[in-house]
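This is the structure, below, for whatever I ask next.
Should a chain be cited, it is by its letter among A, B, C and D, assigned in written order, with residues numbered from 1 in that chain.
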């Protein structure tokens, strides 16, 4: 047992704070940051999502749960217009971000993706040094003063609890880091752009329990300052960290739909829909 | 990485600019003479050109190859000042002015190991038309004959066919070659081969130990000497052709090419100077 | 495809370059048609197949023997060079110790640069006499195929090597973890993963084999006849152009350009079939 | 086990066969070419139609022709490859049209290139017999190789990089310059070397475009005889030219070795600086 404690201890005694966050606003102020109504999505002729409508509240953590293949990840890709990267993918319905129409063709997509960061299931560090991994997106978005870059880098590496482990080998290759470290580096890279929203597609599924524990702690600490939308299979994790939860399911014609969406407590303790209840206590799916 | 890319492109750019600038500065006072045509005549013309350049400082002679027909067409269109043709002009080319600068004999060659010493005209005709297929019939050892013929349109082919009264459709070759050196190497590589190439090249290669030997034609030994004294029956003129009566630089060059001053060059290329 | 302004400009510039490279082929085809027009005007296309023989000076333009010689020589060279080329790529990638692999790759890169004249020259002076002992005259379709194989082998080997280098290490580790033998790993994982790179290499090599002029001219014997055996002396379309272009005038010269057009159409047919074949396994 | 052993045996056998034949060819060139090789051979101009003297001007012409060919073909080739692999959707008609025309371009015989180059660059564009028209003709010839290898290299880079870069709001061109090109560097360099190899090996195309003049070229508009043309002329048209043909072939191989090692050095340098791979 002491082995686990020792690892936990090493993290806690390193005084890492979430930087300028302090307490942050109450997590659920009433106006939703992202409103989605009757959204559906097709890859070629195959429907992936059927009229999904939900709201995502500023500063809260929203978990999307459901069996694999029910369109959770496709839903995420709509929010930061990554659907544009997928050939012959058609999206219908309307999505508002900060009360701007997210699907408007003239929208500056790069600006949008700076405001809405995304973390993939498999950590994807660039084949560059740890420093350049973080600096490259920043330089792209116009920050070029080296001192400023160093500050931001140190700040975000501290935020993700990676600074202690890498501060003396910033020039070494990011590919040499472990899975957990790489995922935290990717999160740091996204945080460096100070996004308003962070989309996380099963961030911990490829990680060992310890690293995924560290990532989970990190997500908890993001609450309040960042709006987090996390897709996860880990119901315990969702119950622990989410404020809101959405339950997706696959309809007969192989397309995903939203069964139920609401406060996390209500979904997990008193689900309205019997399908959600069955999925929650694991008797189906 | 960025600095390196910039440095490299800078070097290339200045190199190109240097290239372009150079043309503008010295192009004004250099007179250029362009010759195109037969690849057989080109080495000789290039050597004569070099000597001509050493005698006239601000002249540059550019010799390009591409074959006799290119020499004729370029001379006719004016693309080239002088055309080089390794044969007498055909009847539809009579409009051009031609000047013979050297002669080149054509000799039958066999592999050195072939016991056959000489072949009369009829035997050669039978071999080339496929009537005789085995060396035994003409006194050689029992082996199939490999007939080496030249490609269509070549001047040596036309002279060979004309001399033996054949049409190219009658000839049944086993191997068809382009230039003389290819012919020589084919015969060297195949003891049962028979072919025909220019006398000068064959005589030089035989003297250098190549496994070939020259057959006499109608009893006259195939040698540069016999071509010079016109006793050797089968030879072709190497001509320079111009569209109109040559004038200025072209005239000077043609006279120089026809003068005895270049005889040593002509012999160095194993051709035969035209007796002035 | 949502693109920012900078990307749109870049895309436009790139599209220009792509059009430029595609336009070159059009220019060449146009040039060939223009040059072969004099003979195409009054000689029916069928005559290029039905004439008794190829004697352009006497107005006979039979191309088919040369066309089949080109196809046989290219096919023969590909049949030999592909396995050998892929084998050398596998050798330098998976079998040879690093130092030996490096030297082997340097050797192959070197040979990609040797002029076709040197291959032809060597073929004529050393290879042909050897084959001549087997069956005179020594210069034949077989010698042509062997020399062509030597020439296109570096192209196949180098492109296959680059394609294998691009196979992600994770694939190989995964397969090795399953306890696959080295050959199982290669044939099961590496080759399928690198298939598109290898086929591109083979296409390039086929292009080079069809387009080869000098080396084939020197070793194939250049007799215009339908090849029946490997030891027949044959003339390919390219050798035909190189041999006679220097001394061809009028219709003869135009007929040579027609053989150039015939060659280009065979390349078009080959590229078309390759395209149809590759269409089923659609790139995801 | 036997299949594996059989494969190993076969692969070692084919490697030995291939290197054996090639060493036989190279030693043939080395034996005949080495005796005449001397410093003078590199510096002097050819004399007596190339039988004696050196090949100084010819080396300069060859390098200039290669430079012109590569400086024009590399950017256009890379741009086309980037378009085909990054910007054009795979099944787009335009993309497939360009690819097919490149496959056809790769099949064009060198003699046709020479005649086309002569008609287009020398006569139509009025460049005449010059290093420039020779280089441009070679550029057309080398384009398919550069584009195909570069495109394969770019397509082999993991798609995750493109998605990750896009998710960070990076423009496609930034992702291209900082991520995709460096990680495709080995394929790009391999393509470049194949292209240079093909260009330096070209004979028939240059006879009609860069010409036959073996004088030291003053500018890109001067006609300059390339090494391969010199080797062709010596072995085909000049009696007794074989010896210096072999030496010239040896010089060509040395030149190629130098160029390849420079390209490899550049690749390693470029790879090391920007892409730190495990």
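General observations
The definition used in the following text is that a residue touches a chain if its C-beta (ideal position, glycine included) is under 8 Å from a C-beta of that chain, and two chains touch if they have at least 3 such contacts.
No experiment lies behind these values; they were computed from the predicted model shown.
Looking at the partners of chain A and chain C together, the chains they share are D. With centres computed as the average of Cα coordinates, no chain lies farther from chain D than A.
A simple rule picks the central chain: find each chain's mean C-alpha point, then take the one closest to the mean of all protein C-alpha atoms, which gives D.
Looking at which two chains touch through the most C-beta pairs, you get C-D.
As a whole-number value, the distance joining the C-alpha centres of chain A and chain D reads 48 Å.
Chain centres here are Cα means. That of chain B falls 32 Å from that of chain D. Averaging Cα coordinates per chain places chain A and chain B 79 Å apart.
Centroid to centroid, with C-alpha atoms defining each point, chain C and chain D lie 16 Å apart. Multi-chain contact residues, meaning those touching two or more other chains, occur in chain C at positions 1, 4, 242, 245.
Under the contact definition stated at the top, the residues of chain A that touch 2 or more other chains are 109-110. The set of chain B residues that touch two or more partner chains comprises 39, 65-66, 178, 182. If you check the complex, the residues on chain D that touch chain A are 89-90, 160-171, 174, 178-179, 182-183, 274-278. Residues of chain D touching chain B in their complex: 48-50, 64, 67-68, 71, 123, 129, 182, 207-208, 211-215, 218-223, 233, 235-241, 266, 269-270, 273-274. Across the complex, chain A meets chain D through its residues 80, 82, 85, 87, 109-114, 117-118, 120, 122, 124, 126-129, 136-137, 140-141, 172-176, 186, 189-190, 193. Touching chain D in their complex are the following residues of chain C: 1, 3-4, 6-7, 10-11, 13-15, 17-22, 24-28, 31-32, 35, 83-84, 87-88, 90-92, 95-96, 104, 106-119, 121-122, 126, 150, 153-155, 157-159, 161-163, 165-166, 168, 181-184, 186-187, 196-197, 200, 203-204, 206-208, 210-214, 237-238, 241-242, 245, 260, 263-264, 267-268, 270-272, 274-275, 282-283. The residues of chain B lying in touch with chain D in their complex are 1, 4, 12, 15-16, 19-23, 26, 34, 39-40, 42-44, 46-47, 60, 62-66, 79, 178-182, 200-201, 204-205, 208, 268-270.
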